[in-house]
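Two complexes are shown next, each including chain A; its partner changes from chain B in the first to chain C in the second.
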Partner chain A sequence: MDINYVLSVVNSALRSTTPILLAALASAICTRSGVFNVALEGQMLIGSFVGIAVNWVTHSPTLAVLAAIVAGGLVGALVGILQVRYNAADMVVGTSVNLLVGALTAILLFVVFGVKGGFKDPALVPLPKVKLPVISEIPYLSTLFNNLSPLDYLSYVIAIVMYIYLFKTVKGYHLLSVGVKREAAESMGISAVKTRIAAVIASGCLCGYGGVALSMGQVTLFAENMTAGRGFIGMAACNLGKNNPIAIIFASLFFGFSDAFAATTQNTIPSQLTQSVPYIATILALIVFSRKRKKKATKTEESKAEAVS
Partner chain B sequence: MKHITKIYGNGVLANDDMNLELAESEILAVVGENGAGKSTLMKILYGLEHPTAGEIYIRGEKQVFKNPQDAMKSGIGMVQQNFMLLPPFTVAENIVYGNEPRKSRFLFDRKKAKAEVDELSERYGLGIDSNLVVEDCPVGLQQRCEILKVLYQNADIIIFDEPSAVLTPQEVDSLLDTLRNLAKAGKSIILITHKLNEVMAVSDRCIVMRGGKHIATVKTSETSTKELSAMMVGREIVDAKIPQATPGKTVLEVNDLVKTGEAGKPILKGCSLHVNEGEIVGIAGVSGNGQTELLHTIVGLMQADSGNIVLDGKEIGGLDVRSIRETGCAYVPEDRNTMGCALKATLSETMLMAHQYEEMFNHKGILKHKTAAERFTALLEQYDVKYSTLSQLSGELSGGNLQKLIVAREMSHHAKLLIVSEPTRGVDIGAMEFIHNQILKQRAEGGAILLVSSDLTELLKLSDRIYVMYDGFINGELKRAEAKPENVGILMMGGSADD
Partner chain C sequence: MTKIKNAALHMFKVLWQPFLAIFLGLIVGAIVILIVGHNPITVYITMFQKSFFTLHYLLQSLTRSVPILVCSLAIVASWRAGYINLGVEGQMTVGSFVGTLVAVYMPGPTFVVIIAAVLCGMMAGAAYSLFAAFIYDKFNVSIVISTLMMNYIATYITTYFITFSLRDTSSVYAIQTKEIAMAMRLPRILPGKPFNLGFFIAIALVILLMFVVSKTKFGYESKMTGLNPVFAQYGGVKKTRVMYSTMALSGAIAACAGMLEIFGIKFRFVESMFTSTGYAWTGLMAALISGLHPIGAGFTSIFLAGMQVGGQNIQLSTGIPVQVATLIQSSIILFVSVQLFANWRKKSKLKAAADSKKAGDE
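What follows is the complex of A and B.
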């Protein structure tokens, strides 16, 4: 096989990873604070749409990205207030918000652009591509890092920042504590409701970012329901990465590769089969990990018993 | 130094014109039965509840506590019955929680946290490894962690709410030592309890409450357990005269039970025992020496590797729980909250549990709610359980009332064999006396009773025979007349009866 072909698949995988990584990080911060957020899909889709709309109006990719983040945050605020403040059922809120955003973007697509299905226009300004100084000169590496936008690079920075936030800062510790035991947090005057709503809003912003990375990443266009389950794949990646931002990077890369694999092989193998690879892999991985965790749990039980005796 | 007067009421009069004073370095015990209003009073002091009337003064200054944080700022800390710890984090992380040392503005300085916690634990002689993860710590250590948390917040007044309820006897001893050390170090301590031997052992003064009212304040040195318990209950507690047992034929026979746990660790090393009709047989032992496993094997929750169990002439080893129960076994488990009942089930559901197949409650698969409700109402009345309706959740009952309910459920069916484990853990004196009388009544009616308890006084009082378990085997058998705390104690520690 041609090495350049392999590298271009890897490159495509890197680009597919970004939206999934962001959704997974969004899922992680919610889970860590004790909120089960199913609305990631909707939070992403609004970002994809608003990004393209603002891009079309202002011709500024920067403004488009910022607007997408804000839009995702607003949907996140809605989810947070309903789920945390008013204790609405997570599945109901999540599903409704996902359906609502799906319908809303379809209508707005028609109202604003007068089209159905999708919108693509030469007037849309694509994101600048990052040209790495030395690497772009080296033959193979240049293929590997070809055509990546700042959003792609920044997503890894965000993962690392989130890791530091969660495990090295006081605020992060408080967020974790709310997720572990709400009563304990409240007994120390830490508001679980505020912390959780903030976490869900942050997840909205991350998803908005992920959404715009999708609509202005490899292509610059909006299509109805273009997120196509990436919010849910993100949840799976988060689960595989055990809610740890660094592990989530690898889990997301795994799904990004599955995506790229599905895209490159769909001409030779029926695409329904290749596209189910990530999900089959998820199920297998979850089984393996849960068995490992169970083993560890029995071990700690034993050591506890020994500590007592 | 401090003066509190308050009346509390929201339909229920929980505290009626209570006064409480606490001096520096003093250990003040607040005793009373469940529902006497001790907890309410302490919740007011800790800012969890607000007084309807009355004031709190600390060092002469009037204080209003809107929430526990206000109370903490004034130097009041509370070690609650259910711990407010974060299980997946280390001891050090838990102790500094809410007041974390930082490096720069945002970063959590875990090294400094550990150093500070180690220093604190050394200063008060609490001896705890601050690197341990809380969920791996036994309950006693978790409680020390809570105490350190309160100390870390610089509390001068520390409230302990029923601190010994969750501890094993050895852990209780070290807790009492800790309390003494804290008082010596200048801390003022309020101890809420209904265990009078602890009151006598550590406190300087004692306040007795009953029905929300202040009954008496006495110097511990000038009172006795007997006087205190009479004041708590409002009448004299008479030690029930226990008539001679008249054992009949054998109901339960356990032969050479062997069980190996995970990782090849032996749990039961060949236990044999028997229980006759009209006899209470006790099992003594430091907890964790196989008693729980022995009971679980008998009731069918666990399978033995070898040995046999015969109940009422029928081999029950290897049968499932339901078949064993139907053969004639009732079981009051040691932990009422996890095995005794489902906290989120209603009272009638709780009462029905394990009896739902009986014809009395079940007509071809349809539950007879009306018959059940009538029977349960009568039963709860008979067992003196305080509740509001049968449809309330069992988790809403106080510990003592819930225990009485479970005892009622298990005893009312007059099974041939009644197994009771820790029947009076965490219940007050009145309820304890009641449960003891019920067990004795069952014996008088010819029931065979197997009793496991970590409370030696209880065991010695009720048991006609005592088996002492040590390290998975039966280290001795004593008749009522022979059993004394001393020789049972020696057997419990693995010694021999001749020592």
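What follows is the complex of A and C.
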């Protein structure tokens, strides 16, 4: 097999990883603070749409990314307030917010662009590509790192920063303590409600970023429900990475590869089959890697795992 | 007499909260319609005229409500027991796909074929849902994630089969299976209208599920598991068995939803027919608005189906996207979920479920 072909698959995998990685990090920060957030999908989708809409109006990718992050954060705030402040059931809020955003983006697509289904236009400005100084001269490495946007590189930085924040700073420790034992944290003067809402808003921002990385990454377009379960795949990646940002990078890369595999093999295998590969891979990965945890878990932890996982 | 009075009072207690939420949801919708650039009042009047207040549209709404209603029952069955099945769409796809194939290809007397098709379909739906239960039980794979992933898998795999080996080649464009025989279709009630026996089967399923959840040991056990898994186990409920039977029931009901649509309206399996229509998700919304009560879910499903039909007619006449209906419906759930008026519904099952979940969480 041609080495350059393999490298281009890896390259495609790196680009598919970004949205999943961001969703997984969003899931991790919520789970760590003790909130089960199922609305990741909706938080991503609003980012995808707002990114394209702002891009269309301002022709500035930077503004588009920032607006997407804010939009994701706003949806996150809605989820956080409902779930944390009003104690609404997490699954109920999550699923209905996902449906709400799906409908809202479809309506806004019609209001802003006057189209239904999807929007694509040559006037949309794609994200600039990063040209690495030395590596782009080396033959094989240049294929590997070809066409990656700043968003792709930044996502790994975010994962590392989140790791440092959670495990090496006092603020991060407070967040973890709220997730582990709410009463104990509150007796230390930490507001569980505020911490949790902040965590959900942060997850919204991360998802908005992931969403815009999807709609302005490999392609520059918006289609209804274009996230296609990536929020949930992110939850799976978070699950595999056991809520640890560094481990999550590797879990997300696995799902990025299954995405890239589906995209590159669709000329040889019928695309109807390859499209299902990322979803099958998600279930298989969860089966293979979570086997040991079930054995370790005691009975009391079992119900906890049920609520969190 | 007092029994009837109590029942009426109970109905009122169950229903008034959703009605308030529906009103607030309609206000959210009105704001969006204003943004789109139309007068919300005239839009709403047209919407309800073209969904409930003319016989033609009423029948259309009732016909549409069949798959939605049955999907909502599938949600009620599983969510009540605390198993968050998001895979109703996949289960109805797989179940009705298998059912249709049996109906199209199995030789034999019509009556036998129908029974075989329905049974095979229900078993396929149940099996698809049981797989999620199995990997949760053995490998602790979250049912939320696995069932959702299986929706996509079901759509793509069935599309693969009907694109190639099982396709009806008489049509060049449409990707679909062959039609089921005339004699197997659900009879229509009025000539020339698609409204058919399926609606009454759906109502029968509501009553059946109501009976199962309120009068049988299984219903009681699954409700206890949903309210407090630890206590239920302490009380001698075999949690694993309850989970398997609940998920199987949910999957079988979901398969019925798909088969009622195919045997009553479409007469064949068409590529991604349940993904594009979103019946499972509308059913989910109906179940959540009604607080996971089978009869409430029945009424809510008919209401939401009417909104979908009305929304489609508005899209035709004014161009407002049909998703306005989904937007209104999902905001209704959010209003229900926050329980702004919690004092009046302390005994609500939803709240109890939320609390027990929180207790497990902390």
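Convention: the second predicted complex is superposed on the first by the 270 of 309 C-alpha atoms of A that agree within 3 Å, B and C clash if a C-alpha of one lies under 4 Å from a C-alpha of the other, contacts with A are read in each partner's own complex, and residues count from 1 in each chain.
Quick note on the criterion: a residue touches a chain if its C-beta (ideal position, glycine included) is under 8 Å from a C-beta of that chain, and two chains touch if they have at least 3 such contacts.
Remember, it's a predicted structure, so these values are computed and weren't measured experimentally.
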| item | value |
| --- | --- |
| First (chain B), second (chain C), both or neither touched by A:N239 | second |
| Partner chain in contact with A:S187 - chain B first, chain C second, else both or neither | first |
| Which of chain B and chain C A:G229 touches, first, second, both or neither | second |
| Touching partner for A:V92 - first (chain B), second (chain C), both, neither | second |
| Touching partner for A:T169 - first (chain B), second (chain C), both, neither | first |
| Of chain B and chain C, the chain that contacts the larger number of chain A residues | C |
| Set of chain A residues, in rising order, touched by both chain B and chain C | 181, 183, 300, 303-305, 307-309 |
| Residues on chain A engaged by chain C in the complex (per definition of touch) | 34, 36, 38, 82, 86-93, 95-97, 99-100, 102-104, 106-107, 109-111, 116, 181-183, 228-229, 232-233, 235-236, 239, 270, 272-273, 275-276, 279-280, 282-283, 286-287, 290-291, 293-294, 297, 300, 303-309 |
| Residues of chain C touching chain A in the complex | 32, 35-36, 79, 84, 86, 135, 138-142, 144-146, 148-153, 156-157, 159-160, 163-164, 229-230, 281, 284-285, 288, 319-321, 323-327, 329-331, 333-334, 336-340, 350, 353-355, 357-358, 360-362 |
| Chain B partner contacts - residues on chain A that touch it in the complex | 168-173, 176-177, 180-181, 183-184, 187-190, 298, 300, 302-305, 307-309 |
| Chain B to chain A touching residues, read off their complex | 67-69, 84-89, 93, 97-98, 100, 102, 106-108, 135-138, 262-263, 265, 288 |
